[in-house]
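What follows is a pair of complexes built around subunit A, which joins subunit B in one and subunit C in the other.
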Partner chain A sequence: MLEAREITVRYGRQAALDRLSFTLEPGRTTGLGGPSGCGKSTLARVLSLMLRPASGTVTVDGRTVRGWRQRAPRELRTRVALVYQQPRLAVDPRLTLAEIIAEPSAAAGRADPDRAAALAAETGLTRDLLTRRPHEVSDGQLQRACVARALSLEPRYLICDEMTTMLDASTQAHLVAVVEAYRERSGAGVLAVSHDDVLLSRWAHRTVRFDRP
Partner chain B sequence: MTEPITAGSAVHPARAEPPAAQTRRLRAEGLTVSFRLPDATVRAVSGADFEVRPGRCLALVGESGCGKSVLAHALLGLLPGNAEVSGRVLLEQDGQELELVGAPQAVLARRVRGRSIGLIPQSPATHLTPVRTARAQLEEALRELGAARPRERADELAERHGLHPADLDRYPHELSGGMAQRVANAMALAGDPWLLLADEPTSGLDRPLVDRAMAALRELCDEGRAVLLITHDLRAAERVADDVAVMYAGRLVEAGPAGKVLHRPRHPYAAGLAAARPDRAFVPIPGMPPELTRLPDGCAFAPRCSAAGAACAVPPPTTGGVACHHPLPEQDARGGGGSPDRDPLESRRA
Partner chain C sequence: MTAPATAPAPVPEPGAAPSRRPRTGPRWPVRLAAAVLAALGLAVLLVPPLVQLDQQLVDLRSAGLPPSFEHPLGTDQVGRDVLLRSVYGLRVSFLVGLVAALVSMVIGGLVGLAAGSLGGVPDRLIMRVVDGFTSVPHLLFGIFIVAMFSPSPVAVVVSVGVTHWTTAARIVRSEVLSLRSRPFVEAAISGGAGRLRVVRRHLAPHLAPHLLLATVLMVPHAIWHETALSFLGLGLPAHLASLGNMINDGQRSLLAGDWWSSLVPGLFILVPTLAVAVLGQHWRDRLNPRLRSELSL
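And now, the complex of A and B:
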């Protein structure tokens, strides 16, 4: 279980999350819906250990998180992966797509070229695309690389924050299928954050809806 | 025999148009845009034919990187220096015809941009200059366009677009997504253009805001303006468009009335895109689009198309708005085969 208990996050005087509790179960896809500004992305960032809440606790498979971002212990940090809405803001523009996909495993000292190649193929990236840099590919192609990157360390939990909002219908269907295939074979828990209720009703086993704070 | 795809032509002649609007029209014929790179040529738009008229909305749909935005920027002469544009784009208004391809920047700046064609930008919040208030930017646009009393006119525009005049005194970061959208609309309309070009105006907005933005575009159509909407969002297009043109690898592959193209498409790519929607079959089209630097000589979709055959090695002619050698059969709108819930590729896969 990836559990958040009594989480409060404030931006200035405004509380984005107010003593919120949330559980992400392994093996299932949980949808998180609601209008913009309701705190969906804030919760996604807390659950992926990217944002330290003002109060409350996060536990990953029973272990309480004490450090956040780069201070989170590696074995906790690599258990949760995050896919962002805007792939262009989520990659280093100097790296090729192959390097982007291999980056987490290289950083963790677990470089695995075969796995990187298999993930690239699964997300539909052809060999010639892998040698390109972000400015030489489309948003859809770059997001495919970001999904491959997120799966490269076989996370127990995958958080998809508006993963397909910028993409066309076909790329959306493909990436959701890739994430679901990974969840089925690995037993990972998936959090699908989206303001698109139609998408969540098709993708998630159950959906939690936030209202404006 | 090749008949041009003329999206936006008089499909519903019953709809009344204001008499003055009869003389206004934007018509592209064989519009082609390529970019010369040191070691390759990117063929971003290949031979696009379409027409936009007052009172109607034409939605240009397709996946990212298919050339939609390049096409939009070509209409405004806003392409980078290495772009090569050919074909014709005729802007017909007030009994005059203006050729936009190759028109001098001075003509585009003085007669076209903002006055005939207004641009509603992608992600309005980031389009605004962050260090100036919305009012400063709107009044500047009004002054440049020669408005007599920019301050009063800015207040009028604000109210007309659902903003309180006091909202204009905010900085962009103090505006919500919906308010930034309304400021962008007000700025696009500052010079009272009859044609609006909306380039992915909904990216990053949630569904209620998308619906509101589409309703605002529909209102602009209904008051007699023309709208060219560029989007990857089929549901947004469905809400507002009279006509839809589907673009694939720089070519318009199917164009026609929105209901037909979105619900009973005949081109295999348009059908695959429709089937990929989460409220339909939710299955992706196999494969990826070709590189625009290495387009096949024949049909660009053939490598992904389950029905491709020997004929597809040559470019398909456009017949009845569909550029395909073997289009799906025409379906009756009320017939059993035309249900929008059906996966249009199902019969092919079986």
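And now, the complex of A and C:
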């Protein structure tokens, strides 16, 4: 269980989240909807241990998180993977798609090109795309690489922060199917953040809606 | 040089292929600067092996000769050829300037990298030390350092390196802080990358062009410092052909009308400095993609 209790996050004097509690169960897809600026992405960053809240606690499978970003234990950090809304900002522009997908495994010291190739194929990336750099592929192809990267360490929880917003309908459907197949196979918990209520109603088992703070 | 703000943007002809490289102003200053630097570079590389210079030689029969066929830029007050000594002086100045710039960039780069990537209290502590160094006038501090050694190229390198690393530290720190907040660095951290890997794999490659540009721009600055220290008699040994020593020697014969013995080494400092500044500005424009895209609109 990935659990946030009484979380408060402030940007200056503005509270983005005010004593919010949230639970993400393994094996299920939870939708998170709401208007722009209501704190969905902030919660996604807190749950992925990339943003330290002003107050409140986060627990990952019963372990309370004490440090954030690089101060969080590696083993906890890699249990939660985050797929960003804008793939172009979420990848190092110098790396090829193959290197982007293999990056988490390489950081763990167990680079596995075959596994990276299998993930690329699963997300619909052809071999010729893997040698290209981000500026040589479309947003959809880049987001496929980001999903493959997120799945490469087989996270226990996958947070998709507006993952499909910038994509065409077919890429959207394919990536959602890839994430759902992974969830069913691994029993991971998926948090689908979106402002598209129709998408959430079809994708998520349950949906939580945020209002403006 | 940029076009006036009121000038209309050039409209491409319908169907015309877009230009591969956006124009960032007239190209001739860049070409001229590159040609001047290449010529000076070739001169300092090729002349010394071909024409030997006896640094101790004094020929009072040729003292203070104006420019002539035999001595194209005249002789100084002890009869030494000004052009040949200027080329030798530029070689020493280039070498000392380059090494001093590299030393300051290595120190500054490491300090900035540590401050930016550690963040929090270590960052604040490091930056207060940087502020402390910056608050001391660096020429005075440089004189203080160089005065502890006997005049030598090493003393000048240490003096310039120790007093000029703060600029590099600030550049690197601000760039690291900007990079750290980018989603791709966050994605790497989320994917399990440790501090060292993030620095090595994601920060350093993005910092390298900025640091290289800062180093190139630091070279003429370091040359100016070497010249200033030599002019004050604290830099390179007095007999050694260095641009600062030559200006110092030449000023004494200036009132006697020997303008060439000061002007020529002065131009040998000014011209490469301007050339490096023009090339550095051009490089900076090309490095900044945002500026590039705005200019191409």
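FYI, the second predicted complex is superposed on the first by the 213 of 213 C-alpha atoms of A that agree within 3 Å, B and C clash if a C-alpha of one lies under 4 Å from a C-alpha of the other, contacts with A are read in each partner's own complex, and residues count from 1 in each chain.
The definition used in the following text is that contacts are C-beta pairs under 8 Å (C-beta built on N, C-alpha and C of every residue); 3 or more make two chains touch, one makes a residue touch a chain.
Bear in mind the structure is a predicted one, so any value in this text is a computation, not a measurement.
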{"item": "Touching partner for A:Phe22 - first (subunit B), second (subunit C), both, neither", "value": "neither"}
{"item": "First (subunit B), second (subunit C), both or neither touched by A:Tyr182", "value": "neither"}
{"item": "First (subunit B), second (subunit C), both or neither touched by A:Tyr157", "value": "neither"}
{"item": "Which of subunit B and subunit C A:Phe210 touches, first, second, both or neither", "value": "neither"}
{"item": "Touching partner for A:Gly124 - first (subunit B), second (subunit C), both, neither", "value": "first"}
{"item": "Partner chain in contact with A:Val80 - subunit B first, subunit C second, else both or neither", "value": "second"}
{"item": "Partner chain in contact with A:Leu167 - subunit B first, subunit C second, else both or neither", "value": "first"}
{"item": "Touching both subunit C and subunit B, counted on subunit A across the two superposed complexes", "value": "none"}
{"item": "Contacting residues of subunit C [partner subunit A, same complex]", "value": "182-184, 186-195, 197-198, 201-202, 205-206"}
{"item": "Subunit B contact footprint on subunit A (complex, rising order)", "value": "35-37, 85, 124-126, 128, 137-141, 165-174, 176-177, 195-199, 201-203"}
{"item": "Residues of subunit B defined as touching subunit A within the complex", "value": "62-65, 176-177, 203-209, 232, 234-235, 272-274, 276-279, 282-285, 287-288, 291"}
{"item": "Contact set on subunit A toward subunit C in their complex", "value": "48-50, 69-70, 74, 77-78, 80-82, 84, 86, 89-94, 103-104, 107-108, 146, 149, 152-153"}
